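Presented sequentially are two complexes of chain A, the first with chain B as partner and the second with chain C.
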Partner chain A sequence: MLKIILPTIMLLPTALLSPAKSMWTNTTMYSLLIASISLHWLTPSYYPTKTLTLWTGMDQISTPLLVLSCWFLPLMIMASQGHLQHEPHKRKRMFISTLIIIQPFIILAFSATELMLFYISFEATLIPTLILITRWGNQPERLSAGIYLLFYTLISSLPLLVSILYLHTNTGTLHLPIIKLTHPNLPASWTSLLSSLALLMAFMVKAPLYGLHLWLPKAHVEAPIAGSMLLAALLLKLGGYGIMRVTLLMEPVSNFLHYPFLTLALWGALMTSSICLRQTDLKSLIAYSSVSHMGLVIAASMIQTQWSFSGAMILMISHGLTSSLLFCLANTNYERTHSRILILTRGLQPLLPLMSVWWLLANLTNMALPPTTNLMAELTIMVALFNWSSPTIILTGTATLLTASYTLYMLLSTQRGTLPSHITTTPNSNTREHLLMTLHIIPMLTLILKPELISGTPL
Partner chain B sequence: MASGPSRTAAEEYRPNRYVSLPAELDPATYDTPLEKRRAEAERLAIRARLKRQYLLQLNTPKPPRVIEDPALLRWDYARTHNVYPTFRPTPKTSFLGAVFAIGPILFWIAAFKTERVSSAGGVEHQGAPGCKT
Partner chain C sequence: MNPHAKLICTVSLIMGTSITISSNHWILAWTGLEINTLAIIPLISKSHHPRAIEATIKYFLTQSTASALILFSSMTNAWSTGQWDITQLNHPTSCLMLTMAIAIKLGLVPFHFWFPEVLQGSSLITALLLSTLMKLPPITLLLLTSQSLNTTLLTLLAISSTLIGGWMGLNQTQTRKILAFSSISHLGWMIMIISYNPQLTILTFILYTIMTSTVFLSLAQIKVLKLSTLLISWTKTPMLNATVMLTLLSLAGLPPLTGFMPKWLIIQELTKQEMTPMATIITMLSLLSLFFYLRLAYHSTITLPPNSSNHMKLWRTNKTLNTPTAILTALSTTLLPLSPLIITML
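Right after this comes the complex of A and B.
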């Protein structure tokens, strides 16, 4: 554990002290090195937790997410080079160090075996994200997006703190493996209902559940590319991970909570997919598509079967890679046309032919075409939900149909059609961008061959 | 029984399903109320300003690499950001909003619940969640 956390912390002096010329190279290479070392976490083990220390440990649920978060740091650094190139050097340094500060907190949050440590690092990721959005966003609306992000998350996580403290006084410990062993003797009363609601709500906002999702499209639209990637790939997964951890604690979830949350998640998947069909803003479309996918994750982690958990895990990982890739693609368009409006960025295939290959691949994975892990995840989740109650197939089926249609709409409107007349010159797509897309695609394509790495089931 | 002066052919003419009423034959074309004309003039002024803004960018000696179309930005702003300030809550919209926001969720809760209860033989299963038998 420490052999990843310590180098990640030491990335900060690397970014602050390395000479101006080699700053990008140093940080990117160093974080890529950390990412490649973190791959050894994926080695199978018969123990329930790997690399167990006093406060941290990794099991099958947290391992793929940890590797994913280590993988994304070099990608985020690489993606932000484009829009930072006109900034003075000091600001580039500050931007990179803001990105790096989040990383240890995310790793801690995913690997903590102590609920309080988890809570603290969960909250600590909020501050650098807020800085990323409100300082580095492009438009004045970023301030209201920051306020939305901050207050939605804070208001929902104060009850979480209270109920964690209550759990501590009740059971005497917050150590997750020990809590799992204690018998859940919460009587069916309003207080236990409210406390489990409080435990869930913070993660439901973070995930986000439909109805509590309003901060997400705003934050995504206003954030710089690294912020969008971070939100889509890691912070939403923090919410899903929290739901999976917490629902294991309060087994069985009371029926009062089951039905509303499941229905909201499934109906929300349907609603947000249909919202996508009428979006004018490319980034907002991708943001709503992640709300719809995370709705499936929430529904799956609420019903708590083996199948649904492994479906939720696979969907979290593959959605993290896919949506981050889509945001990167949207950002390459944005850097060329300075507009995220779909009508203004249409018909780019003749201009950037190689980039449209990445668009095609990203959209096909987003709509869960057969060989991808997205399809495995969606099928697993749909089967688990169908077993829970058969009418869910109506909702999940319609959501899949809508997902395919809005993804095709996005692909066709960005790539095909006539070129808008206002684009006079377009810079070519460069090697950095292609490398960025390749580093997203490679894990997606290779995970198809061995999905049990990310399925959350013991190997 | 003397009826009034007979109606002219233009007045007799009614639009049918194949031919719509041409604007020249529509009396509303000639006596538009003052507010409507003012609104039209305002809209024309806005359009002219937007076009001028666009052409100024286009016709500079060194045009920028990407020329922003102010009309499109305005349209996008009206569609995404300006919806909520200009929304007017009336009893009808409030009622319909409540129905369409809460109604489907209650419906699906009821649907899932009845299905689960009926398939478990009338009693809702309280054991390990997710498994029905």
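Right after this comes the complex of A and C.
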């Protein structure tokens, strides 16, 4: 664990002290090195928890997410080069160090086995994210996006803190393996109902559940590209991960508590997919598509079966890669046209032909075409939900249909059609951007060959 | 201000505080409080501005009322029990009167109106003294008598302080007033826990002192009295503005900054005492004050004011940072990982 966390922390002096000329190279290479070292976490193990210490440990749920979060740091740094090129040098350093500061907290949050450490690192990601959005966003609306982000998260997570401490008072420990062994049977009362609700709510907002999701499109639209990638690929997954962790703690109560969440999640998958169909803003469209996919993750992790957990895990990883790729693509268009409006940026295929290959691949994975892992995940989740209750197939089926339609709509409107007359000259797509897309695509394609790495089932 | 007069004021301020916090006899404690009040009065009014004089009068009137009430409550107690020991406050009426007097002295909610007014009338450094050092003697008296005070009343005072402190700070644009309301809402947290775990009150007070001193000293360094000045102050010392933002978020109690530690420990203690609903309420109420801290943070470093291209930037003086501010900033943002050590030291 430390062999990843310490180098990640030491990235900070690297970013701050590197000579101006080699700062980007140093940080990118160093973080890529960390990411490749972190791949060894994926090696199978006989034990349920690898490298278990007093505070941290990795099991089948956290390992893929940990590797994903290490993988994303170099990608975020690479993606930010474009929009930072006109900034003075000191600000570039500050930006990169903000990105780097989040990383140890995310790693701690995914690997913590102590609920309080988990809570602190879960919340600690908030301040750097806030700075990323409100300091580095472009429009004045970024301030209200920051307030939304902070208050939605805190209003839901302060009850989580209270109920974690309440759990500590009742059980005497917050160490997850021990809690799992002792099975704290909270008596079926209003108190336990409320505390289970408080335990779940923070993650429901973070995931986000439909109805509690309003902060997400705002944050995505206003954030710079690294912020969007971070939110889509890692922070939303913190929510899904948290749900999977805490639902195990409250089994007797959740029997009737999960109905409203399941309903909202599935209905939300449907609703946000339909919202996507009438979006005019590309980033907002991708953000709503994230909400729709995370709805499936929430529904799957609420019913707590083996199949649904592995479906949720695969969907989290593959959605993290796909949506981040889509945001990167949207950003390459944005940097050239300075607009996110779909009507103003349509028909870019003749101008950026190689980019449209990436667009095609990204959209095909987003609509879950075989043989992608997205399809594997959606099938597993739909089967698990169908097994739990057959009418859910109406909702999940329609949501899948709508997903395919809005993804096609996104692909067609950005790539095909006539070029708007105001886009006459655009800079070519450069190698950095292609490398960025490639580094997203490679894990997506290779995971098709070995999905058990991310499926959350014991190897 | 004449250096001799300043020296006398400072020395008597320290003397008054130490007399009160180390006394065991009500009369001595009262004497210390009075010395304290008289010593701060020239410091508030030193600018001779009518606003400062007004603040001085407001401060003097409230403090002398409160001191008289303290004297009255201890005399009532002495009348019925025959002793002047601070820790032996047994008479119910005098307990009630003492709670009220301390609430006036501290600026707890039904008696808080003087506090923002006085802070607004004094300089930033005096405001810092008023919101930290001048709160120490009353808090100490409260700590010494906390065993015999009415818990429900204290909880009520605490909840309403956090509520009103957060609420009334929302529409302020003056930094000193905002910090005054922040002080009121932090006092709510301290009073909340005082009857359950007085050590935590001390810890909260110390950490609050560290954090608020950082903010006051930093604002004094960049000479910021209102939000609009804060907006254009980033050219003076950009790094200081960035750390002010972190300190403000720490005051708001966001993890992983220092300000989260007292909140965490207080909530833990409250849940142990089966006060979970109260813990939830006071936690949610602290979100109100988060809003104005966030606005201060936005103004300090996140936003730039719109201006034309020939706008004159503030002159960058390249002043060196003073060491106390640097140390206090470091303390007020990074103490959370040390919390196990700090808890064992309590």
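General observations
As a working rule, the second predicted complex is superposed on the first by the 455 of 459 C-alpha atoms of A that agree within 3 Å, B and C clash if a C-alpha of one lies under 4 Å from a C-alpha of the other, contacts with A are read in each partner's own complex, and residues count from 1 in each chain.
The rule is simple: a contact is a pair of C-beta atoms (placed from the backbone, for glycine too) under 8 Å apart; a residue touches a chain by one contact, two chains touch by 3 or more.
Predicted model only: the values in this text are computed from it and were never measured.
When the shared chain is aligned, chain C comes close enough to touch A:F151, but chain B does not.
Taking chain A as the reference, the larger set of touched residues comes from B, when chain B and chain C are compared. Of the two partner chains placed by superposition, A:S323 touches none, neither chain B nor chain C. Of the two partner chains placed by superposition, only chain C is touched by A:I127; chain B is not.
Once the two complexes are laid over each other on the shared chain, residue contacts for A:T113 go to neither chain B nor chain C.
With both structures placed on the common chain, the touch criterion links A:I341 to chain B but leaves chain C unconnected. Note: no residue of chain A belongs to the chain B contact set and to the chain C contact set alike, using the contact criterion stated above.
Across the interface of their complex, chain B is touched by residues 141, 251-253, 255, 258-260, 262-264, 266-267, 280-281, 284, 303-305, 308, 336-339, 341, 343-344, 384, 387-392, 395, 422-425 of chain A. Considering their complex, residues 105, 116, 119-121, 123-124, 126-127, 131, 134-135, 143, 146-147, 150-151, 154-155, 158-159, 161-162, 165-166, 168-169, 191 of chain A touch chain C. Per the touch definition, chain B reaches chain A in the complex via residues 63, 65-69, 72-73, 76, 79-81, 104-105, 108-109, 111-113, 115-116, 119, 124, 126-132. Residues 246, 249, 254-257, 260, 264, 267-268, 271-272, 276, 279-280, 283-284, 287, 290-291, 294, 298, 301-303, 336 of chain C touch chain A in their complex.
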